[in-house]
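This report concerns only the one structure given below.
A, B, C, D, E and F label the chains in the order they appear, each numbered from 1.
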Amino acid sequence: MKMHDVKILIINPNSSQKMTEAIQQTAMAYADGDFIVHTISTPGAPEFIDYYMDSAQAAPGMLKLFLENESQYDGFVVACHSDPNLDLLKEITTKPVVGIGESSMKLATMLGHSFSVVSTAVHSIPNKQAMIRNYHLEAYNASVRAPKNVQESLSDEEIFLDTAKAALDEDLAEVIVLGCAGLSGLDKNLSRELEVPVLDSIVCALMIVTGLVKAGLSISKKRRYSGTPA
Amino acid sequence: MKMHDVKILIINPNSSQKMTEAIQQTAMAYADGDFIVHTISTPGAPEFIDYYMDSAQAAPGMLKLFLENESQYDGFVVACHSDPNLDLLKEITTKPVVGIGESSMKLATMLGHSFSVVSTAVHSIPNKQAMIRNYHLEAYNASVRAPKNVQESLSDEEIFLDTAKAALDEDLAEVIVLGCAGLSGLDKNLSRELEVPVLDSIVCALMIVTGLVKAGLSISKKRRYSGTPA
Amino acid sequence: MKMHDVKILIINPNSSQKMTEAIQQTAMAYADGDFIVHTISTPGAPEFIDYYMDSAQAAPGMLKLFLENESQYDGFVVACHSDPNLDLLKEITTKPVVGIGESSMKLATMLGHSFSVVSTAVHSIPNKQAMIRNYHLEAYNASVRAPKNVQESLSDEEIFLDTAKAALDEDLAEVIVLGCAGLSGLDKNLSRELEVPVLDSIVCALMIVTGLVKAGLSISKKRRYSGTPA
Amino acid sequence: MKMHDVKILIINPNSSQKMTEAIQQTAMAYADGDFIVHTISTPGAPEFIDYYMDSAQAAPGMLKLFLENESQYDGFVVACHSDPNLDLLKEITTKPVVGIGESSMKLATMLGHSFSVVSTAVHSIPNKQAMIRNYHLEAYNASVRAPKNVQESLSDEEIFLDTAKAALDEDLAEVIVLGCAGLSGLDKNLSRELEVPVLDSIVCALMIVTGLVKAGLSISKKRRYSGTPA
Amino acid sequence: MKMHDVKILIINPNSSQKMTEAIQQTAMAYADGDFIVHTISTPGAPEFIDYYMDSAQAAPGMLKLFLENESQYDGFVVACHSDPNLDLLKEITTKPVVGIGESSMKLATMLGHSFSVVSTAVHSIPNKQAMIRNYHLEAYNASVRAPKNVQESLSDEEIFLDTAKAALDEDLAEVIVLGCAGLSGLDKNLSRELEVPVLDSIVCALMIVTGLVKAGLSISKKRRYSGTPA
Amino acid sequence: MKMHDVKILIINPNSSQKMTEAIQQTAMAYADGDFIVHTISTPGAPEFIDYYMDSAQAAPGMLKLFLENESQYDGFVVACHSDPNLDLLKEITTKPVVGIGESSMKLATMLGHSFSVVSTAVHSIPNKQAMIRNYHLEAYNASVRAPKNVQESLSDEEIFLDTAKAALDEDLAEVIVLGCAGLSGLDKNLSRELEVPVLDSIVCALMIVTGLVKAGLSISKKRRYSGTPA
């Protein structure tokens, strides 16, 4: 399949229009005209996906969006780094669907000895660790870090630069994964400062999903994701 | 970066011109005109990479090829499923380089609960298992299988179909990885017969490396691969 | 706290009234008058929880039931062996809540060298394995088995007796866990036939949750389950 | 079986009458009249179980006590957090026997993302880690900590409060396990101060063993614990 | 230290004089006059160490033997493949002490991709597996096998040849460990038949312990084995 | 076989004559006349093996040396702690060959609860960790440490004493492995200061290889190392 025929839908599992726009901007910068990509917010979902409750509340809207758009697109991205309801979408479709959490962390393992995830909040570290374990990535993971005792005057870039630096120096990470769709766009500057690859998870998911579409590959319907396609 | 500007070099670590042509054919079918890709054989390497000795004998030629071609290409693929000398190449360059073994097995983890590798010879199973462990993929790996007691009258497709079927039924695999560059091209027919994704590892490596090039990402030069670039 | 003051609510995540009654019967037999226990079905949920979709469809009903009943009970049980939406309930309450999957498999580790789960369908084996990994129980798990090629004339007891026997003999299991609330009640007969402990997961969950209530213990609200209590 | 008919014997593997009394007090507070529980010291054992030698010296006395009392009780608890000679007792009986180490740490996994053990002495940390590995609990264990450089003026509660606080803040534990029978009774105050579950391992063992008795469950006599019952 | 000054004591943890003589014969054949080695039986121990009870009953005798002989020897071997009371002896001495189980299995990992243990009885497989895990050797272990349904007319050599052959062919083992001191002496013939290394665990322990003595190395007295030397 | 007939060749994979002499000195001190041992440098190899490139450049020389000397010696040692090209040598011979990295770290596991490796440079820590994982030793490894911010005035002994002390105190190591052939000779003084076993990896390899020769054992030629012997 030709790349310029590939059509990707990015589902932002939250309802923040601002974040949806930022994601779409990152996606278009990566696409650079090579393929078609659209991002949509999830109606009825919270403004931010943080807790199990948020993920549960996003499910009906994500499902509705997915079913309404399935026939018009070739591949799908779930654009929250905790990959909410990703197994559910993998189950109901015969088209490729990838999460930005899974894509970014698995790609990170190909670029260095170990990676660290920088995340937005300390309380989310255990959930991120549980996810890393579900993806069998513990041995590649140097650490999950979130900013602590942040000075109000600092910019996002300064805050996460410090967090990532600690991961490189103290945890011996060699690659940084930005652990939230909301951090999209920080990658280039952080990478220049830190002199290591810094992965924007939206970009990583697009790399994988466009490749899968082009290669004609999709989720196996044998056993684990064998629920009847919608 | 625009996809049609991406130039990839595939290094076939063995000296078989026939296998090099087959790899190039697979690569061009996947590229479909979207990016530029060339495949070259390794001078001085054995006809087939099977043992540690083969890998050692391929090293000088691979290194020479790489250094001669590094400036003309944006990304590199090592096209033998045991990823011979991949760490060496990752160490000496600041451009992206991927192995078909690593790429195919890590991609397989995103398409189903577990994958099996079908390989050419029983004696290579332990080496493949050691490699799976080095990539921290044990928990995703259902099995490594190679044909046993093969009837001479059977075609390659029939032989590996049987091997893959056993992996799906007895080992509960959900995705099949073709564990040798020499099996390239069997994926479509096997996938149609087995009704699960069957991964051609050349295609998988191209998906990853073209994405990395397009995204401007490469190997981390922090610690593990910090040897002075050539 | 005195045991006869303990009040437990069992939430059957599916909508099958028949299964709810069977669960309640098992629960009352175990309670034997020592504590109070009620079982309720989940409105709007499917008749059987099998796929990710079933679990997602059960979530709103389970949540509603839980919030309506939280103040009247001291502890809660999720009575489907795949523990659907258990993390969600652990997050929103300060009272103890346990799943029958987690309870039965963790208790099994205290009664022998390894356990096998007998499950209802082959397609659910990978999901059960994923769950076993999430609970870090791989090293204790001998196998997950489901009946294959079942003769129509056989009773449930005969079918699962054969399945469990194979787990004991071929996989060297020493304890059997009945991997579905729908198998509740088979434990005594199977245990007598097999001469090993056979765990009814409803009973296991009740052992744990009544103990937690009596001891005044509950889910930690530090980080992972720190979402605001309802 | 009715709870008020359940009779439990707690074997304190050391010979300290003072510790036996403290254990019995904790046990009776938990029992609250619901079941019968007695605690006895081990004749011929050291005053404190710390080293392999202590455990070996306790074995003959524990065995003698067990055999003398086996017929009068329904279930048994080994009340030292290193579970000395627990496998031996599991082997020789058809009645349920649990250790306070195993019970408390496995229960902790159901109440939060990870647990830390606070122990009495730094030199015992490796032994506790070996035990955690034997119970396959590494992935749930945030740390084992013991007080260092303790000021003489501090009370036990103050000392272990500091140790536990460090586990919560630095190791990201969410649940605390008191790793010595001698710490029994500190749980309520520590829990109130720390705002996380703090597990008294005597209580945890009683929860499990009374449940097993009530449910008619016991150690599997298949293979690992198949030595002839006394 | 000169090898001909090295004096080793082998403690056979059981009371079988016949097995003690067989062990001494194997030891002397390996020593071939290079060092001094004596084997003694444990008074008060059972005829065969099989269960936890056997190990506990051997402890006082082993301890007594060890303390009586400690000053006359340079190094010590515990000559039962389940390494009974090995941690106890490591704790109480500043001289090197090794077990034949630990020595043989760890040495096996240096001679091939994976090893299988052939053991005397099926009921001991879980205990052997627990031991393999305690020594962190799971990833190197292909299987533990014991003869099943043995024909009475077969010799020991024939029986264990069949068992080992199955391990090589079905479990893909590359090295065989004889998992019982009672199998000492079968190694040469089995190795010739099977064309793989077959390890006699008495020999393996002697290799390690004589080397440790010669190098002036012993058990670390930091923390885990820090109990006061006798 | 008599020890005084054993002839060992130590291959120093680098071309530093000074290091070769230091290795030979350590080897002769250990041998103490009991067996014959020679050390040779690798022609064409770099002065120091640090990166993947160094290892690749050493391969042809190591191979040449090995083949020229194979018939005159009974056993072989690769004397660089990263075990460069060890698998290659294991593949091409039927005589025993061991690496100083593998030997020292596996022996360390028999002397204490956990070991730390002290290494020469921070950038080599990930490679050492990868090696530890390849040998399945993660669970025994407390840490890999290298000196940081070293004062110029300090001696090697002072520098590595500090590094090792930190491993014992902060990482709870109980045994120290000197992680470079270049550190050979520091073991006695460090051990006296630290009061724990400090392993000189040259000595460890000699213990193992002489034992293997004496016992008539060698690398399994089944599958993984089944390449045709030279």
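Here, contacts are C-beta pairs under 8 Å (C-beta built on N, C-alpha and C of every residue); 3 or more make two chains touch, one makes a residue touch a chain.
What you see is a predicted model, and the numbers here were worked out from it, not measured in a lab.
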Label of the chain whose CA centroid is most distant from the centroid of chain B: D
Interface residue overlap between copies chain D and chain E, same or different (over half shared): same
Averaged-CA centre spacing for the pair chain B and chain A, given as whole angstrom: 26
Chain A-chain D separation of Cα centroids, rounded to whole Å: 43
Distance between the centres, which are taken as Cα means, of chain D and chain B, whole angstrom: 52
Residue list for chain C, restricted to those that touch at least two other chains: 113, 125-127, 130, 133, 138-139, 172, 174, 223-224
Chain-chain contacts as defined at top: A-B, A-C, A-D, A-F, B-C, B-E, B-F, C-D, C-E, D-E, D-F, E-F
Touching residues on chain F, where the partner in the complex is chain E: 1-4, 30, 32-34, 98, 102-103, 106-107, 109-113, 135-140, 168, 172-175, 195-197, 199, 203-204, 206-208, 210-212, 214-215, 217-225
Interfacial residue positions of chain A with respect to chain D in the complex: 125-126, 129-130, 133, 138
Parts of chain D lying in touch with chain A, wherever the complex brings them together: 113-114, 139, 172, 174
Footprint of chain D on chain E - complex, ascending: 50-53, 56, 59-60, 63, 85, 87-88, 90-92, 122-127, 130, 133-134, 223-227
